[in-house]
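Chains: A, B and C, in written order; residue numbering restarts at 1 for each.
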Amino acid sequence: MVETPRPRRTFRRPSVIPGFGISFGYTLTCLGLIVLLPLAGLVVKASGLGLSGIWDVATDPRVASALRISFGVSAIAALVASTFGFLVAWVLTRYRFPGRKLVDAAVDLPFALPTAVAGIALASLYAPDGLVGAPLARLGIQVAYTPIGIFIAMVFIGLPFAVRTVQPLIAEIDKEIEEASATLGATRIATLTKVVLPPLIPAVLTGFALAFARGVGEYGSIIFIAGNLPYVSEIAPLLIVIKLSEFDYGGAAAIATIMLGISFLTLLAINLIQAWSRRRFGYV
Amino acid sequence: MSEIFSPISVPAAKPAQAASEGAATRGVLIGISVTFLALFLVLPLFAVFTQAFSKGIGAFLDAFREPDAWSAIRLTLTVAVIAVPFNVVFGLAASWAIAKFEFPGKALLITLIDLPFSVSPVVSGMIYVLLFGSQGLFGSWLIDHGIQILFALPGIVLATVFVTFPFVARELIPLMQEQGTAEEEAALTLGASGLHVFRTVTLPNIRWGLLYSVLLCNARAMGEFGAVSVVSGHIRGLTNTIPLHVEILYNEYNFVASFAVASLLAVLALITLVLKSFLEWRFAGELAHGRAH
Amino acid sequence: MNSRTAGHTDSPLDRPSTTIRVESVSKTFDTAAVLHDLSLDVRAGELIGLLGPSGSGKTTLLRIIAGLDAPDRGRILFGDDDATGLAVQERAVGFVFQHYALFKHMSVADNIAYGLNARRRADRPAKAEIKRRVGDLLDLIRLSGFGDRYPSQLSGGQRQRVALARALAVEPRVLLLDEPFGALDAQVRKDLRRWLREIHDRTGQTTIFVTHDQDEALELSDRVAVLDRGRLEQVGTPDEVQEHPASATVMKFLGDSVEVEAIAEGGRVLVRGRETPVVAPAGIIGPVKLYVRPWQLQLAEAESAHLSGTVRSSYRTQGRQRIEVVDAEGRVLAVEDFDGVRHPAGHPVGLRINGGHVFG
């Protein structure tokens, strides 16, 4: 009579590799104290205001205008960043030209360059007497201290996200698929639009969403070029800083909650895009 | 019959282009990309240095004769020296637990570790103000006990740790997952203790990935602006990091000094980029794949 | 741990061998049972092959013996010592991994010396002694002069030998090999098999290896343990398991066979009313399945044939002739015969059964 062995119910699958308890415990402790507890503080503060309290803050004309600017400009900037990002990614993976590696490395510049440094550099370049700002001013275009300045800064910080999300997928495209399409009589344009591009759409959308989320939250590289005129070029993160300096923690928490809520929806959208992509194309 | 075999006039074939664009198209696309990148990415970097030296080397060096500049540099180094090793230890622990073991809820844990990347820098600083500020959750308790977190080193370190929290872990987790546990098991069967295995087998296998992530983590720790700006209080000579010092100088219209100090950070960024590219080129196989921050 | 104390100056090749006893071991992963109440005795100095299809639990059993996995129930004994509670480091086993698991960042010599260098200072041999022992082992695996190379600079077969040397360096009580030749190509496999057998004959080390390749198990082992779905089907010498398979599973796993409907009565086995030389186990009466190897079938005249069909194809390979016959139900019967006559496809033939097995 053989008893059926009962499966051992343990939290983790048993293993001879040592150190799970200490490393897992340390991970949770750090995560809890550094990340989760402070974020929970924000949730507590925001829920203290209640939905109507948050709504009151959001409909304050200055806050509403800042939110509109942050989200609106970021969407346009993300669109431009993902369009040019796609082109850059395509050129970098598909073509060989002198200095390609250097250009490839330069794409990461906005990751490496501190945002404040980028901010003052952009501000000086696009100021009415700046290297780029002066010729534009002669054309009647003012960049600095307008939403266009915010747009420039957001494209700057969003670009690497757009490039780096599509680049690995372009590299993985099977050359034979394009050749097959060509042997079947398709023109190059038809091959690109019907065969090559459709599977890349999810990655482009993901890159767009990442650049968008980054743009909405960005502070350092924007405030110098934006000029921060209320109702014209004031972004939501700056308004948080202003509210904090006035000890209006409730108002700051409300704006942060709205921003986090929309960022969360963006992240959710990314996950849905990726889930759809996995089903449709078998990869992210 | 004869028509069938008669030669059909075929336009001169260009087999090299069957699956690529023509040379002219290629040239135009390369031109647009390079111009765009030069204008948007490289020009600002260039501007930092031209502005810094616009009044000559003497004016550039004057920026570093300020004691406030040196105290900002000291503070930034102090913060990095605390925050980076902290995140290295955390990253090693997290990747060990997540990559070498099977347990439920792993995906959620990874998402939570990644969370700071999707939070605005300003909000990252703000959450500590809500906890430790005078009107914050623990504010009055801290005042009663004379503990200063906000507008002091601890607050700056906390905010920096928060924004750089995922850097090491998210590089090492996929790397260790890729490497599996076979080498560790082999070392254990040969009688090595757990720590010895970690030191002699695991660590050498992840060393380049670790260095890579430390580089990026350090660049962000030294350059963080938004989060630190919220918790620092901008006390000159005391709680100003290099980026905050740059901001103050700029707002005082002291542009040369501002760009001079900023050029320090720009050089750091360039060194980081060069080393990062070198690691990616030389040790591609020993880094985690798929990097998009 | 006697075998691990310092001051060994003798060759790594003479060390005492030990018996291994697996006692009612059960193991479940998640909810799938991998081993069912499995017991196995391995004799001292024996080379035993764990043979089974993938998913039979053979690798899990090996890992449980090594201490890399823990059994849910049951015990592992090395000699008279209960090893069940011992950590893998304390078991003094030499384990050779399927994909070698060599340390990529260490030279061949450092790989081999790893286990010795990992000991506490008091137990660690002197540097010169370690060097000497690594040299001896490099000689043994015929890779003298390769000590400074890195694993990436070696061929698959060379890596395999380094993995073995690394396991032998710590003077293990038992040697465990997981699919040792699985990742190698055919010719290298054959060479390494012979070489492993030679090394075993010189060291007399109790050795267990896992394989899914019948030829490998039968050629190399003193005894073969056949596993199927977490149960031990049979243990015996290669001759025993081939001549007296304990079950249909063993029979099927050890080579091609044909299943024939038969009737058992009074110890005799009849096919289509005609008697065969097969003896039925005592107490088996009525309809049974008779398992016949290709070489136990012979082309025969209709009046002495047990089976009939038409030739589908016939070809020669390595001095043997193989004929595929299709019977009335469309089943393909493989026949190995040596009559040297060509049998054209479509030709009707009769088949006589010269042997086979019936299982209870």
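Heads up, the rule we're going with is that contacts are C-beta pairs under 8 Å (C-beta built on N, C-alpha and C of every residue); 3 or more make two chains touch, one makes a residue touch a chain.
Because the structure is predicted, anything quoted here is derived from the model rather than measured.
Taking the mean of each chain's C-alpha atoms, the chain whose centre lies closest to the overall C-alpha mean is B. Inter-chain contacts peak for the pair A-B. When every chain is reduced to the mean of its CA atoms, the largest separation from chain C belongs to A. Averaging C-alpha coordinates per chain places the centre of chain B 52 Å away from that of chain C. Centre-to-centre separation between chain A and chain B, using Cα means, comes to 15 Å.
Inter-chain centre distance (chain A to chain C, centres taken as mean C-alpha positions): 56 Å. Under the contact definition stated at the top, the residues of chain C that touch 2 or more other chains are 67-68, 88. Each of residues 185, 188 in chain B touches at least two other chains.
Within chain A, contacts with two or more other chains are made by residues 13, 16. Residues 17-21, 26, 29-30, 32-34, 36-37, 39-45, 47-48, 51, 89-90, 92-94, 96-98, 100-104, 109, 112-113, 115-116, 118-123, 126-131, 133-137, 158, 161-162, 165, 181, 184-185, 188, 194, 197-198, 216, 219, 222-226, 229-230, 243-244, 246-247, 250, 255, 258-259, 262, 265-266, 269-270, 272-274, 276-277, 281, 289-293 of chain B touch chain A in their complex. Contact residues on chain C toward chain B in their complex (touch as defined above): 4, 66-68, 88-95, 97, 99, 101-106, 114-115, 118-119, 166-167, 169-170. Considering their complex, residues 26-31, 33, 36-37, 67-70, 72-73, 87-88 of chain C touch chain A. The residues of chain A lying in touch with chain B in their complex are 11-13, 15-20, 22-24, 26-27, 30-31, 34-39, 41-42, 44-45, 84, 87-88, 90-92, 94-95, 97, 99, 101, 103-125, 131-132, 152, 155-156, 159-161, 164-165, 168, 175, 178-179, 182-183, 188, 191, 207, 210, 213, 216-220, 224, 237-238, 240-241, 244, 247, 249, 252-253, 256, 259-260, 263, 267.
Looking at the complex, you find that chain B touches chain C at residues 182-183, 185-193, 196, 200-201, 204-205.
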